[in-house]
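In what follows, chain A forms one complex with chain B and a second complex with chain C.
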Partner chain A sequence: MEYRTVLTTCTYCGTGCGLLLEVMDGEVVGVLPAKTHPINEGKLCIKGWNAHEFIYADGRLTKPLVRKGDTLEEASWDEALETIANKFAEIKKTNGPDSLGCFSSAKCTNEENYLLQKIFRAAIGTNNVDHCARL
Partner chain B sequence: MTNSVPEFEDADCILITGSNTTSSHPLIASRIMKAKEKGAKIIVVDPRKMHIASLADIYVAQNLGSDVAWINGLMRIILQEGWENASFIKERTEGFEELKKAVAEYTPEKVEEITGIPKETLKEIAKIYATSEKSSIVYCMGITQHATGTDNVKSLANLAMLTGQIGRPSTGVNPLRGQNNVQGSTDLAAIPNVYPGYQPVTDDAIREKFEKAWGVPLSPDPGLTVVEMINAVEEGKLKGLFVLGENPLVSDPDSNHVEKALDAIDFLVVQDIFMTETARKADVVLPGASFAEKDGTYTGTDRRLQKIRKAVEPPDEAKADWDVLCRVGKAVGGKGFEFASPEEVFREIAEVMPIYHGITYDRIEKEIIHWPCRSEDDPGSPYLHKDGFAKGKGHFTPIGYKPPVELPDKEYPYQLTTGRLPFHYHTGTMTRVSPSLTHEVNEAFIEVHPTNAFEIGVKNSQVVRLTSRRGSVNAKVIITNDVKKGVVFMPFHFAEAAANRLTIAALDPIAKIPEYKVCAVNIEKIEESEA
Partner chain C sequence: MEKFKKYIKELFESGEIEGFLGIRKNGLHPVPHLFTPEHPEELETLTIPDVRYPMTEILLTIVRKYPDKKLGIMVRGCDERALNELVKNQKILPELIKHIGIACSADLAASCRCAQPYPEEIHYGEKVAPVEDRSDIEAIDTMPQEERFDYWMSEFSKCIKCYGCRNICSMCFCDQCTLEDNDLIATGQAPPAIPIFHLIRAFHMAGRCIDCGLCEEACPAHIPLRTLYRKVRESMSGFLGYVSGTEGGEKDPLEFLGSEGYMVPSKIDEK
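And then the complex of A and B:
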């Protein structure tokens, strides 16, 4: 049995509490508040204490899916990425770069937000980039 | 936030408005409780009497959407009584005379009429806020989610500048951000008008800098916001959409309209960890990773950068989102997506973004850094505007009160306001699969004042139908004095009874934020068989 804790930041609200994920044999089994964290000082709210529960919930997406008619079917990463590349290229060619856009995510990391806006601004050529900051 | 979270503890007065702090930001509420223990006066102005109101020295409920009026009223009293900070106004601000003129008509009587706040209470609030040594303003979506959201925020900034309650520890104007990384995603330019670090896309010199950094020509035209993109789909102008970790079908206003747009769009890609309502409509779905399965950084509500660390592998073929996006970038022919780790991405970020320039992974392992942090020996900025405002002088904006877009009438006689619960999060994709959280609350409800419940003829837990001009939903009634007569409240976490089927997509003209906090509805009792 291997047990370890990993110090990280809570994924719920913008307060940014420090927490420890308890990992047993490669699976997150619990959460502990980080005692020395300057924001939460050893405390967590009900969402923070249960921040690990959704990780293993039913319905996690585990494979890329591509629509075939009315259904979404499992596909390889290569097929999914190729579908995106072809379709985006086709739309851009016919309607121009401003006919494409993205909603980025306040749940994702700084690095991921940077990459998505870079894809749309630099690779596609549009500033149609927004996220749910207003919602 | 202009100031950092721990500073709340040492404030002498905390004015909270439009924030259900104990529910949505519990660990910030605990700082406010500590401040109260140390003797701070707590003032809560909010249409709903939430938990934090029970801790307040003064609690008052304003009418929905009347914020500009009460804030102007406060400023008029402050000027009349000579409680303004004359030296701060003289040295640090401009536009004072115009502000003075604009607030002159907001007499306590007029303000009471518009807002429902008794004039004596208004004066008491003005005195405590203006004359305390360190006063801090805390606000959240109750201030911003209005067609006058920008006006509301600017009014709070006017108030802080008028009294010099900004630019020092434990003061300031402090919006509490709802999502873990909403500050960071805004900093990183997941918004249509700027490049990372709030550098305008319309500025030629800035654009040239990014063209050089990214090695491609860039568009000088600001893009569309979320709500504008949905409208552009309907107009046939937007054909393809990439949605990363969002569920606009439940989170956006007027969901029926959003659903039509997502059905009509040519090509939809969704990258998420769950099969959300939005993902079901996608043409390609990419499986991403949860926060426990990847590395990276979040920027908290007080501009503090923190790491998240990978604890376990993503399930099956799912991948860390940064890795997926590098693959997408390369697939669509982009240059500069050859990153081997989030740390490498962050190095590029720090290079192009002056406010993050001095920040590295090594530094945030060891120290707490709040941006702006412009060089490796810059300790960062727990509070802003210490020796001056970023734009030179702080500008007072004269603002007049405008009523909400949709007022109650005969057909829709009640006002609906929406919000969050302590146990759930946004559209519920994470919390509603969490057994400990669904154990607390797992269905939509509507809070109704006893007088209105009597009119409608419903008892606690009976089901009613709420109808607005845009849609209708059913929900159980909770009868409570926490809402004012004529106002009903509904949480928006529950897709099966989505409050956003009812809300109005009226936008603030500048921030483009929808007016989630006020719309008109009708309520009807429905028979058991229909429920």
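And then the complex of A and C:
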């Protein structure tokens, strides 16, 4: 019999509310708002309250998919990253770095966002950097 | 605090309880946790902060999976009122649940405006005086009717339909929630229709609400929900003589209809 809570940050938007995942016997069963969190002070929106629901959702992607012909096929991370790197290199070579761009996400951490813009600016050489929060 | 931890350890060792639902320190944050005899070392992180989590709501989550376990639970005055109501509604068995009583600090009692900031038996803390304060109700009761209606409508119009008030409430234990009944409240649509959304909940809280105020603390829109439920609580005791949260006796008089009392009539007709 185990019930514990894991303090984490809501992944749904850039507000960054603190929430507690309720874990029973290794299974995430619910969410509680973190009462002492400076951002949300014990409150959540409806997305935060249900932030655990996708964890066991059938449609959740747990492995990368690589398009082969008309179908998306499960692949290893190595294979997926290699495919991306090769395609990027090829596009940059034929059409120039400004033919590439990236969308980062309010659902990522600051550090992840920093890394994505860095790889596009410094490694690829374009300022085409944007984010989903503009939608 | 050391004495308190030792007391819990003894309850584990004697087998009187098989788990203790309390609060532990997680860095700077106090968070709910189920301490167990298998991990007595975790009791080192046990803490009793001036922060309230819905302990009885969490207890229900655990009891649903482990109905036969003997559990201890940290209870403040409000948690004890909740447990009393849960017993009357057959959600928990009193012989399996041990109340480990905490008297709230004067600060907490004041910020909660709590009419009973301590449980019957106290294992930690010193009793402080109850706070009798119905200024919130009075302020609204003295408004002319039209103004009062406008006041509530303007408050309800801030609702973002997060369901936080319902989710955090240990008195919201129905299997089917009327607030998710498409015939009454359009599902998948925000904001909700007002005032029906809030009035349905207020009606259901009559005879159940134990005035802990957790709903209001959880409301991102700062709607004075507690004032509303305090008012229905007063109406219940005034008109029907029922004060929810008291120990023993009959369950709330509105329950005589059973769970169907809360459903829309058309559904009853179909049967």
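Here is the rule we go by: the second predicted complex is superposed on the first by the 116 of 135 C-alpha atoms of A that agree within 3 Å, B and C clash if a C-alpha of one lies under 4 Å from a C-alpha of the other, contacts with A are read in each partner's own complex, and residues count from 1 in each chain.
Quick note on the criterion: contacts are C-beta pairs under 8 Å (C-beta built on N, C-alpha and C of every residue); 3 or more make two chains touch, one makes a residue touch a chain.
Computed from a prediction, not measured in an experiment: that's the story for all the values here.
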Which superposed partner A:Leu32 touches (first chain B, second chain C, both, neither): second
Which of chain B and chain C A:Gly42 touches, first, second, both or neither: second
Touched partner set for A:Ser99, first chain B, second chain C, both or neither: first
Comparison of chain B and chain C by chain A residues contacted: B
Touched partner set for A:Ile91, first chain B, second chain C, both or neither: first
Which of chain B and chain C A:Leu7 touches, first, second, both or neither: both
Doubly contacted chain A residues - partners chain C and chain B: 7, 18, 40, 43-46, 48-49
Touching residues on chain A, where the partner in the complex is chain B: 6-18, 21, 23, 26-28, 38-40, 43-55, 57-67, 72, 77, 80-85, 87-89, 91, 94-95, 97-135
In the complex, chain C residues that touch chain A: 18-19, 21, 26-34, 36, 51-54, 58, 61-62, 65-66, 69, 160-164, 167-168, 190, 217-220
Contact set on chain A toward chain C in their complex: 1-5, 7, 18, 20, 22, 24-25, 29-30, 32-37, 40, 42-46, 48-49
